[in-house]
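Next up, some structures in structure tokens.
Each of the next two complexes has chain A plus one other chain: chain B in the first, chain C in the second.
Let's look at the complex of A and B:
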């Protein structure tokens, strides 16, 4: 394993004990949870964009599906959180798996735009349905139990770790090689025996499963969800900025990009609230100009 | 047994009829050249056999099995390997990885680095194993594509203009390589080709396509005397004037 990847595991270990060390935990807990959440989303998207070459610009649709499924199960059927979350992730993953064969006949920006349309349309549908609470959204119970105050930090840490491990696996496995072959040239991949429809669909499914899990934890974390927050195009943009900043198609890039973006955003937000957007915009422009392939990008 | 049988294949792109009822058979171990002017349908025919393009009408049989509606990946696993007119490598991966992917997915061989290196050695590319495919020269790219197809342990190999753009030395090397493969593994070779000199060193049988029709099927030496062929290549007024 590359040395940098070992460092990431140490980083995860440090994050696990950080709640005991940091003085102003509620504040730092929020910042770190946001960073870990964005890391997980970027890592999930990396499986699809980085290794398979398909940019799901509306991948946040599955964040919404996961979040809403979790919330509805908890609220309307009184299912405990963890089983609800798992079902949420699975509903997101299976939805992607089912729509992948027709959807993934489209490539590059056509695919990106179509997924974005899916995300926006789903938001509208959810806003007009009864059992989703419509535009009023859903209120979730506040978490009470072990590790209170740290619970969501550990949940997001766990999701980021799982996402990172999946990226490591894809990076080196036979499965991952099929995805890379698809990314490089689909016709050639077929010509050497890779069933591209099958592998593309699995890639989309895995990516969306992870995204759905993140949505589920997020819903419980902020305790109130509505269509605007769960199908937010800005979250899509942020995920892509983090991924592109760190380096698409690398195992560490998405993590690095997400933490960098979230930390800078936090510093700018607390110090320079009024020009926050301008500075972040500048950062993105500079990133594109100076490191077009991302900080760790090699391609 | 017949390695390949193409029966009444037709294909149109929009209103443009590219293949107009093509039929022929290829015996196992045979080498067949497909020639014809640009736009006569050679590449489309190979794409129909490889499965990249689905025919409108007709059937394709491989070793007696109807493969007309199989995915290209299934055909690859049945032993139909191919190269492309414009090479289609996995550019950002190494030469070794290119071959290993084919070993993983298209072959019954267990995929190992050693096996992949052996195949690269066979086409004379083992010294480039760690290089990215995109950094290779045209001749090397063509060899790598050949190596990747060989990793499938193909029984039929479709080669689309494998000699195009190569210098005489590279052409001779690939001719020798193909001869060796044919002797050692009894691979059936089907070459769509413009470089006739190289082609005629390999094959005893040539198919000539013209505007989507099969106008000649026979020995290379008879080809130049055939009126239809002369008409297709040179035009009506050269017919009957001798060669």
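Let's look at the complex of A and C:
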């Protein structure tokens, strides 16, 4: 395992110099950014599902919170991007931390469904409010500055790296052991002195903080956001398919799954936008039926 | 006062339809323990079937009801045979992802063939409205209400008084216990999946009569079915009626006083609250068999 993780670091290094080597960078930059974004989202969910055992199927709620906070701060209050992004991530993280104790009394598919309902409900609120732009959405300024054309690649690369490091830390730290104990048997964990509410809330908070950051970078990258794109259930399911495909509860699985899914989709159906959804649906159904345990085959 | 009565009447008509709509969802949930996120899309599939029968062959949308049920029943058996048996062993969360994938597959396939335009099925002899005292009742809504009530009643009788219905309730309560007294759970699972999908298609047919639809209506129909099921608890047919009426009343009043655009939000918040505070539903019972 450790050797594979070193390979991942080399992979990150290669991705950092790739803009200099690849021809047709605008195209590849977009593909790689999408793959890195999905990797970060899958790694963020891995902290919660993989190590703590809670499937936040509606985790994209925090993607939306992060994205909208960033967008509103930049647009309405003219705050620069990086501080806006940080606040966006923190709002997402703290929201999760606050709602975790009541929400995480639910387990398994009940937790999954409740978070999904939360995601859809937030989408509805945002669509109905004035300061969020309603269904019209928000237009963000276009990035102008150093590394134009490479900026978002490096932002997503940075997020994926941070998410990966956090996964490494969770995998090996005492904090992570506590989470794994909760995953295996919550009552037993409680009985040996793990403050389960505190630990699983923090797990949810960290995961949502990362998801919020990804949402913020995405909003600035795509420059136009609306409730449908920021609280999209399709993105939730894509995140989980990437995670399940690669292998839940491993440090490299989510990265592997996300890159595989994004590359396959780019190669297979980039020209077939008409049947995009049909193929995605088929892929999910077949994937779950044929490789229910993921490529790495754990758990 | 008249206004309140009118709103309550609308709620009754709509709520009864929601109750029937949710029965297929809660039946497969209660008996097979499958949370079918593709349920709404199966309903919409039923709407398009009735629509196609009406427009291509000229089958009256009331006459097509038995056809809808039969096709749905067949599809249910097919789904059961092809993957539900394998899925049932998976973690519940994996089933969610799988059925969500199925939902994407169905809605996008419909979108590919029918495009995203709003379609509707017109029933020529049910146009206009009746005026009773100071109340106005649209004939279409009344028709759907009567049919929903009839089908709900039929399902109630089937589950309560026939041997097959008793077998379904027995399996819902205790699979091994049912096996001990000579019931084949596998056959009951197949039958339940058939009936559940049949109900989805039937209510889809009714939904098409009731209002316009698009390929992507499945999502919020699933939310409705889910909400009615958790509100009533997966108890009995009666509790689905209770849940349906509750949802219908809430939707009508929220739409009227806060605006149509807050309707889905209200449902979702209610769903979250019920799941957190009353995960066994307002009526308590967890399975169909529980008294």
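The rule we apply is simple: the second predicted complex is superposed on the first by the 278 of 299 C-alpha atoms of A that agree within 3 Å, B and C clash if a C-alpha of one lies under 4 Å from a C-alpha of the other, contacts with A are read in each partner's own complex, and residues count from 1 in each chain.
The rule we apply is simple: a contact is a pair of C-beta atoms (placed from the backbone, for glycine too) under 8 Å apart; a residue touches a chain by one contact, two chains touch by 3 or more.
In this text the structure is predicted, and so the values were computed from the model without any measurement.
Visitor: On the A-aligned overlay, A:288 touches which partner chain: chain B = first, chain C = second, or both, or neither?
Guide: It touches chain C, and chain B stays clear.
Visitor: After the superposition on A, what does A:274 contact: first (chain B), second (chain C), both or neither?
Guide: second
Visitor: May I ask you to name which of chain B and chain C touches more residues of chain A?
Guide: With both complexes superposed on chain A, more residues of chain A are touched by C.
Visitor: Determine, under the contact definition given at the top, whether A:98 touches first (chain B), second (chain C), both, or neither.
Guide: neither
Visitor: Now for A:196: first (chain B), second (chain C), both, or neither, which partner does it touch?
Guide: First partner only.
Visitor: I'd like to know which partner A:14 touches here: chain B for first, chain C for second, both or neither.
Guide: The answer is neither, since A:14 touches no partner chain.
Visitor: Residue by residue on chain A, keep only those touching chain B in one complex and chain C in the other, then list them.
Guide: No residue of chain A touches both chain B and chain C.
Visitor: Give the list of chain A residues in touch with chain C in this complex.
Guide: 55, 57, 102-103, 105-106, 108-110, 112-114, 117-118, 120-121, 124-125, 127-128, 233-234, 237, 240-241, 244, 274-278, 280-285, 287-289, 292
Visitor: Which residues of chain B touch chain A once you look at their complex with the stated criterion?
Guide: Interface residues on the chain B side: 50-52, 71-74, 76-77, 81-82, 84, 88-93, 97, 100-102, 104-107, 111, 148-149, 151-152.
Visitor: Sort out for me which residues of chain C touch chain A in the complex.
Guide: 35, 83, 86-87, 90-98, 100-109, 111-112, 219, 223, 226, 261-262, 264-265, 268-269, 271-272, 275-276, 279
Visitor: Touching chain B in the complex: which residues of chain A?
Guide: Listed in rising order, the residues of chain A that touch chain B are 174, 177-178, 180-181, 184-185, 187-197, 299.
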